């Protein structure tokens, strides 16, 4: 018990942690497969990261250093709230620096800085089933995964091409993991999909409301679904970050006025701040 | 008198879990495992630690003959985990094998179903030697290019068993090899070739 | 370790302070006590307990106070508290046949053993605002009540029908512990016990609307209210180390047994079937709606065509929980600007391509005309 909260270390009771830990181990052994788990009712709403919070609570130890981001930023309100929850119930060190963290819980982004082998990235997942919007029934989608029958997904993507000339999926873009399961990467922009491939860090996914946990082990092939004549492509931005000058990173569009004024800045706030702290190159770009 | 369990149940269990998680996530790597346990023989401290960290009323254990025959071992495990000790290996979530060379065929254990491959057993084998510098060649998820692993004692046909297990992916068992003070794992996703 | 504290943390702290102040309202008005809520908002307390899956009137009343009367928020507080409680096991099945009755009505018989007992009901009140209540008058005195029939003389209507074989027997108790959907992930198809559990926890409004839909033809079940009974039952538990049942206390329940038409099949002669509803406290609307949906969800088991929403267990069970629903609907409030940026980029590109195509198309037309 922590004296302050009256709750167990990292809030969850030990029985719940064991149940989640067993699910995590099976998820790692079967990359991309969604393991059902008895998601608990957490003291925060479903849809606000209860799956990610349960996964983080189950893996977290005293010596971990936790980073929580939402939309790439450590300072968005829900990231602040989740970080405060763990700082209080688990008394772990928290950080905003990607490279200092051992556990990073995220919603909607993968950090720009390359992850390393001693890190675990925990994703908050709203709808874990990549086939859900094509087939709403769990009994059906489970069979499709069992048979590795993913034609439905290819048809959907191809219909996009026929209609729009492009695959019109920009986030939660489906991936194939280790040549077997098609997986939802959570609603990260497809810009981040390539970072999942052959990543040195362990990636864990928690969907609390939908009661599923899945995983991508380190150094695992994660392929975004595509077609020979329509290869997978990520978004590109035609300008650098207005603050740090970074190129090849994901940018947020910030409206400055009601006359069309706008600027584009790094979505990953830690990455942006580190570049600016690193000195003159970034600052010059900012003044350019 | 019953041997005691973890000194610090919360953090010791977390430490054991993280070692197992890292071992499964990075097949072939050797993870340190300090247990602080002195369980009744022939249960090794590492097997005991795995059971205490991961088994409970919802996750039954199966014990090989050597463990099941010693009355102190089932009593120790029941008291500290609350887990049912299954007679039928197919009912076990975790199988503890003290005599690894005599490990039953994997088909005796739950393999999961096509729609639920997670409903499968994890086998924990006590070995005396474990090295990541020599032996089998491993590749698959969690492995950067390739890795190696050797462990002893094991059944002579272990590579063939592991090959069959991998061929059944996504169904199959997952294997943890626990030597004094350290462990390694071979999930079903790992392809094992003799060196 | 240094943590960058920027707007978010301070904003959250301020919002919490403001919430506390707003919850209290005008401090010139006396503060509500938990006991007042428990006694005078009893039906609301019952609903919080039912959907919160926890029988504790004081806790439910406190949750309502903390939640400023927001029902789902109060259920949330109760559920999140419940999760942290140790689970000792399942009680013995409560014997509603032996209920100490406060209300008992049947729509299928004019009179029956034990009689019709209206009890405290809104049913025949005229819904006229009672301005006398605003004057905070004296407590009204209840009419001298007839002593209620003791339970042995008020058998359940379904038991009476069952004696003649006119209604399907209820499934025998095989002694196995019921599943617990708060401890195991729901797996389809779910058995009836789990479905009932989900419906009991389910949002009253959602279950009500689904039950209503069956009456309007979306999965019709030809229901009759066999019986609604409201009263007190004893709860007993068999501790592992004792091996015999010990009383834990008494709780108030509302039980509804619907009697539904069934034409029979090749194997089964025509007989009535059952729909079942049970809720904490006096929660008749919930128990009735639940019984309608329970029966609709048995369509497949009874060999009836399945097509209506109320008959589709994946649809019903996946969407009946108010906490899941509210969490996911309300999570749309969270920032989504990263994904929105991705969509913006796509829409701009598609528009540019559309304009280019459109322009080219016009040129082609012009050339063809020439």
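Each chain carries a letter (A, B and C) given by its place in the written order, and its residues are counted from 1.
Heads up, the rule we're going with is that a contact is a pair of C-beta atoms (placed from the backbone, for glycine too) under 8 Å apart; a residue touches a chain by one contact, two chains touch by 3 or more.
Source: prediction; values computed, not measured.
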item: Among all chain pairs, the one with the most C-beta contacts; value: A-C
item: Innermost chain, taking as reference the mean of every protein Cα atom displayed; value: A
item: Most remote chain, CA-based centroid, reference being chain B; value: C
item: Centre distance in Å when chain A and chain C are each reduced to the mean of their C-alpha atoms; value: 34
item: For chain B paired with chain C, centre-to-centre distance based on mean C-alpha positions, whole Å; value: 44
item: Overlap residues in chain A, where contacts from two or more other chains coincide; value: 36
item: Residue ranges of chain A in contact with chain B within the complex; value: 8-9, 14-15, 17-19, 21-31, 33, 35-36, 58-62, 117, 142-143, 145-147, 177-178, 180-181, 200, 202, 215-221
item: Contact footprint of chain C on chain A as seen in their complex; value: 7, 13, 36-43, 45-48, 50, 65, 70-72, 74-81, 83-84, 93-96, 100, 107-109, 126, 136-139, 164-166, 168, 170-172, 187-191, 209, 211, 235, 250-253, 267, 273
item: Residues of chain B that touch chain A when the two form their complex; value: 9-11, 13-15, 17-18, 20-22, 24-26, 53-56, 58-59, 93, 113-118, 120, 122, 140-144, 169-170, 174, 187-189
item: Residues of chain C that touch chain A when the two form their complex; value: 1-4, 6-9, 11-12, 76, 79-80, 82-84, 86, 182-189, 314, 318, 323-324, 326-331, 334-339, 341-346, 349-350, 353
